[in-house]
Amino acid sequence: MGSVRHMKTIRLEAFSDGVLAIVITIRVLEIKVPHDTTPAALIPLIPVFLSSLLSFISIGIYWNNHHHMLHTLQRVSGSILLANLHLLFWLSLVPFATGWMGQNHRAIALAALYGVVMVMASMAYFILQGRIIAAQGSDSLLRRAVGRDWKGHVSLGSYLVAVLASLRSLAIAQAIYALVALLWLIPDRRIERVLSD
Amino acid sequence: MGSVRHMKTIRLEAFSDGVLAIVITIRVLEIKVPHDTTPAALIPLIPVFLSSLLSFISIGIYWNNHHHMLHTLQRVSGSILLANLHLLFWLSLVPFATGWMGQNHRAIALAALYGVVMVMASMAYFILQGRIIAAQGSDSLLRRAVGRDWKGHVSLGSYLVAVLASLRSLAIAQAIYALVALLWLIPDRRIERVLSD
Amino acid sequence: MGSVRHMKTIRLEAFSDGVLAIVITIRVLEIKVPHDTTPAALIPLIPVFLSSLLSFISIGIYWNNHHHMLHTLQRVSGSILLANLHLLFWLSLVPFATGWMGQNHRAIALAALYGVVMVMASMAYFILQGRIIAAQGSDSLLRRAVGRDWKGHVSLGSYLVAVLASLRSLAIAQAIYALVALLWLIPDRRIERVLSD
Amino acid sequence: MGSVRHMKTIRLEAFSDGVLAIVITIRVLEIKVPHDTTPAALIPLIPVFLSSLLSFISIGIYWNNHHHMLHTLQRVSGSILLANLHLLFWLSLVPFATGWMGQNHRAIALAALYGVVMVMASMAYFILQGRIIAAQGSDSLLRRAVGRDWKGHVSLGSYLVAVLASLRSLAIAQAIYALVALLWLIPDRRIERVLSD
């Protein structure tokens, strides 16, 4: 049965990689060339470029962590497949939530919407992590690797604060979003460390 | 010859995964940000969001079942390749049929069109299943796994009823569509059970 | 070196599969829902649907044959990589050439353009086939599998005739395009036969 | 640990292939059929076609070199993952920079923008190459393969010159862009040579 289980993990990773590859590149589809092409006309592209970059970094971080997490997986069950689809659904909304914020960075509704999508994606990630740990049983490799997972909990809490903050001050909400992205740019060595023990 | 046959299955899965990854994410491409960005202006996005979710779930379920079905496959023939392409064609129309229904959920023609696409996809799935069972011969692993396949037949019948119902009552048709999706959200343990025997 | 060569072939196939998965599904992106949604308003969608189907079949056939051809490949050289990219370029134009013909099936220029793209794709396929046969040397598995390749030559000749015919009669050109697609729908058993000897 | 490291490399390649497959085909999405479909009306499509071809060749060359470079990689670290994402980000902007230049080939700002994107992509490629060489230590296979890397340095320098030149003469800038693409069309045999030693 070993190779059968193995194949299932490979196909789950391949499908997730396909979806994430589309999600990470989809933002550039929305970049439109200005009709007026003087150098000054390129200035309005700057927020669009920055929001593309934020989207790329966010999805890239999720791909990176997802890649590490699935690495500990030996056996794919139906509930792990569903939890993975659920995560992919929320991640596929990230480029649009980011893009909307880039188009109109003064709109409270859009900044809050971005936060809601990030909260749902974080929660979907926790659910998938929980399913994998449950499937691995009491000596779960992933549970040891993740430990108390302060980074995951800090991110989720920060996004919740940012959604509420966006109703008062857009600047505070956007600062929190940027800080959480920076927090994750430092690669997650926890799983690598346990795997290499 | 073992590894040669094996490679063919891998490439068939990889290509199908690529197509389904695109099909499952393509719906989000159609979500447009409203120009008016007050919180109230986000309300019209709700049916679009729900139709995206329905499309994501439908394709996710097909990917899940397709993944299980191809798992039993040892050898790819020309007719299996064609039957697989035929299934992918109808599945690639699902996001659009769903999206159209989301854009205008009062249009009878669009609700019926969605049902027609789902009927064709179901039939294409049955054809592919039949081809694989035929190729596996009298002791087909897939035939034992699928058994009498009541879920597949109930879905196909329900979609046919819904297409007819949509001419009378859109609400009944849409309720049937939602019920069939729910029916499949419970993961299909039949193939897993036979494989783990 | 065996596994190194092997990995190269896998990655060449994976990249080609990714490109072809996008190319085969891209056509549906162009299908737009009519604003008027009475059943009668769906009629103009029929040529769009038929051209999507023709594009899907054409790319599906190329994927099928490409899949068989690369199966005979043990070693990837720089010139094979370039010949493969060249083929992918022309294939990526197929959905658009098909779509344009579907949008305006009375336009001579578009029917001729479709033929030109199909001629270039056929020629790119021959070039790639030639590179692989040359790399395999005098006892080439692919050369034995392909034999005199009457189907490839008949297709290329037919497309050339259709380009010229489109200047006189669109109906003749379109009939030739349909006949060539039908010719290839019968799966190519030549390579399978030699491989299973 | 061997197979674990190996799997990481495969998934890094698969994700990169997915992104590059989308990036290389995305340009054709922007090709729009003219409403007027006389043969003369196809003439404005020529610069669009040429810019699609330039984009396809540029991404194809990067895929080819990336494919060779990752071939020498045994172990994926967090910093290599980030350097790879950084490269993919700039490459995902190439089709748009190329497309903009195709839409309006007289705009100085767009020609300079294309050069800036190519400079950033070249630098991201050097950074990834440096990370891999550093990870491989003193007897790095990649360092031996790349040698003094005159082609990489000549390209980067040429792009910098072209960005400055575009402020004076668009023709000179565009000639440099075409020459650099031609320089790379000759496949890079350096890594192949060292690997086959």
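First chain written, first letter: the chains are A, B, C and D, and each begins at residue 1.
One rule holds for everything that comes next: a residue touches a chain if its C-beta (ideal position, glycine included) is under 8 Å from a C-beta of that chain, and two chains touch if they have at least 3 such contacts.
It should be emphasised that the depicted structure is a prediction, and the values quoted were computed from it without experimental measurement.
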### Task
Fit subunit C onto subunit D over the CA trace and report the rotation angle, somewhere between 0 and 180 degrees, nearest 5.
90
### Task
Same or different, please, for the subunit A to subunit B contact, judged on whether over half of the interface numbers appear on both copies.
different
### Query
Whole-Å distance, subunit A centre to subunit B centre, using C-alpha means?
26
### Task
Find the geometric centre of each of subunit A and subunit C from their Cα atoms only, then give the gap between the two centres in Å, rounded to an integer.
37
#### Entry: Multi-partner residues of subunit A (each touching 2 or more other chains)
14, 18, 21-22, 29
### Task
Mind listing the subunit B positions that touch subunit C in their complex?
1, 4, 7-8, 11, 14-15, 18-19, 21-23, 26, 29, 77-79, 81-82, 85, 88-89, 92-93, 95-96, 99-100, 103-104, 107-110, 112-113
### Query
In the complex of these two chains, what residues of subunit A are touching subunit D?
13-14, 17-18, 20-22, 24-25, 28-29, 31, 33, 37-39, 41-42, 53, 56-57, 60, 63-64, 67, 71, 185, 187-189, 192, 195-196
